[in-house]
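What follows is a set of structures to go through.
Two complexes are shown next, each including subunit A; its partner changes from subunit B in the first to subunit C in the second.
Entry: the complex of A and B
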């Protein structure tokens, strides 16, 4: 038991070692984004946090001279503009997020507005906005930057590779893993035996367990990373959850067997006239609704969690007038502490649900209906359109 | 909805797709395959050991049952042997008794026969002896009686007296 603690402590220390030295140096830049005090500022701050970011900022404060200081480190910006690929460091925007700072790279002008990089038209020198605060003389570019989310994905990916390949190596010398591997092994067994095996089916689960395991740990670890004070919100990015959902979509669409397509396109056991109508519904369900439910569920749960935690922390400022500093601070601490506990549960739950539903969808696509259609008293086939539906309501 | 679409970053989607694909491939190759293979191996090993133990247990039970059967058979055999011996013993005794009885009966019969013949012989002898003796006594008495005249007269008188009485 002690050994496991020591091991995890070592891992934690490793994480801190990776992050601390880079974050120590201060980015002494001007820029806006002052104190967060009023309700609107809190809202804006939360909105800003929910979005992906081009810098890795840990904290910022205003010093005695009224100067805004940011602690963190810049990340590379890689954009595909109309003139081709352009790369520069995000520090060139000087933490500006409303399009006032223009960066010019090899004849292409860029501005950052609400965490999005815009390419300005060739003759423009400043961003002009319309009434709805949309840029009128620029357009978004394909932004392949190493953003904060990408850093999170890379970090978790490396962590997973490191820890699980270490576990894999342990099996070469001993039957039962030691140290941190003893924590990981039951998790792997859990995903295999409780998610993959019962939902995909005994016959086919081996082919998909690798994907399901990867997705489960990827989502779970990223959800947990979102709860750390580093301020990651990777699984709360639509692009990330959409990517995960589309992977599941591709896997179950590609591996679907004849039976599966038969039940989608030409449902047996229902009147022939209804079959085309059902086919449309089934196709929409398989290709749009299923992946959409996956991506929205994960995105909404994690984003909502972040918003709730940050709003509860904001009680500290919002209720300072009515409760005093001590009252509002302790209220915010207690509430955000308990909601964070719930978020730890949600982090696991969402990873579980995503993986479980992915396994279920794959299971529906590869299931073998070796049963004959049941017949009722009059010798008609009993439709089995409902037979799998009940499993996942 | 508009905001959600606006927030969707195609660039991040592309990067995430590449990274996730890479991660899945690397994890499958370096982690999941060896881990799941070793886990399966271990489970099969455990299952094998359990099966072997079960088999050994069954064999043991079979062996024990065999032993029990053998023991039962031996016991049964002993029982029958004892029974047979007992029967033989009683039969022998009965036979001996019967033979002894017939022998004894025969001997008794023979003895009785001998006794009767001896008795007959003794009786015959006794008869002849008694007859001789009687004749001798009668001769002597008659001789004695007829030697004296008086006595002869007296006898005649006695005989006459008897005759008158009649």
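Entry: the complex of A and C
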């Protein structure tokens, strides 16, 4: 009993240690004051949350004097401009996101517009916009900044490195893992026995289990991190999901065997005239559609979940006039609570589906053709049930 | 405006498809409860493929 208390105290202290520095970075900024359009503000807030950001802001409010107070920490901005590498902290932008604050570093001027860093032309002193609100005297730069999403990826990466190496070490001395490993072990076995083994095939699954486990836990942990109040939206970034989908694409393209390429480029069992047409369709399917569906599914599910939760929280402001403060707040609380519960399920389901489909695609690429085709009177191959089944998947 | 109508049509189509998949899977499970695991796995895969298609279309409609 005592040990449990000690353990939980230790983890609590760790959490506090990580998030205590937030109070250091409190910045004053002149607010506009006056009446704000709640609907537009909520819209802008949700848009801002869905995007990656250059500073880690936890919350902000306007105090009685009309000052805007921000709580969070600045993150390093690393950009490759036309003059070379430039680094500075994002706090130099003073939370400005519409290009009004210009940071000059060694002769290069930068402005932040909608969470993107622009480099201004040498003689420009302010950003000018055209009718579509695009900057006319600046251009985007190669942005290698440690953004909020990068922090999330690094955090989860370190967490996985720590917890799984600890789990692996425990098997050297004990038969049964202790602590957090006891939660992870059944999940590892589940991914191996229920996802990798049946979908990749008994013969090859060992080679790919490592990748499938990594991708499963990476997506699952990041999805769960997105449900914490720290406002991460890592798996809702197209760049992150595209990167994961490209990993799967490379793995099944590189490890595809002769039969796989044969079925893509010169499909057996169909008339010769149709084969080139099928080759185009199959190539597009293997190289574009499969990874595209993987990346869009994860991105859209997680983004949609975040938008729904935040819109339900926004009921609190939007329906305040019709339902009163208590009514609108409790409505928002109840709805967002249940949607968040569903999101916990979706977090697991999306990690499962991504891993499952990756395993399926890899399995299709490495499947061995251990049966002979029947031939008809003219010597053509007759497709059998096993060939046809692959086309539906 | 038109993309909103398109989005609505996509959601209707995806809803019909998901209803078919879920309903048939339920029926299959009721007929053969011992095959629940296999049916569920297949159901989730097909639902995921459909969802990928629908989200792709919604993404383009946006």
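Rule of thumb we're sticking to: the second predicted complex is superposed on the first by the 347 of 393 C-alpha atoms of A that agree within 3 Å, B and C clash if a C-alpha of one lies under 4 Å from a C-alpha of the other, contacts with A are read in each partner's own complex, and residues count from 1 in each chain.
Here is the rule we go by: contacts are C-beta pairs under 8 Å (C-beta built on N, C-alpha and C of every residue); 3 or more make two chains touch, one makes a residue touch a chain.
These numbers come from a predicted model, not from an experiment.
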Partner chain in contact with A:165 - subunit B first, subunit C second, else both or neither: first
Greater subunit A contact set [subunit C / subunit B]: B
Which of subunit B and subunit C A:81 touches, first, second, both or neither: neither
Contacts of A:360 with subunit B and subunit C, given as first, second, both or neither: second
First, second, both or neither for A:149, with subunit B first and subunit C second: first
Subunit B versus subunit C as contact partner of A:211, first or second or both or neither: first
Subunit B versus subunit C as contact partner of A:294, first or second or both or neither: second
Complex contacts: residues of subunit B adjacent to subunit A: 4, 7-17, 19-20, 22-24, 26-28, 30-36, 38-39, 42, 45
Of subunit A, residues touching subunit B in the complex: 51-52, 79-80, 116, 142-147, 149-150, 153-154, 157, 160-161, 164-165, 167-169, 171-172, 175, 185, 188-189, 192, 206, 209-211, 213-214, 218, 237-240, 242-244, 246-247
Footprint of subunit C on subunit A - complex, ascending: 194, 292-294, 296-297, 300-301, 349, 352-353, 356-357, 360, 393
Complex interface listing, subunit C residues touching subunit A: 41, 44-45, 48-49, 51-53, 55-56, 58-59
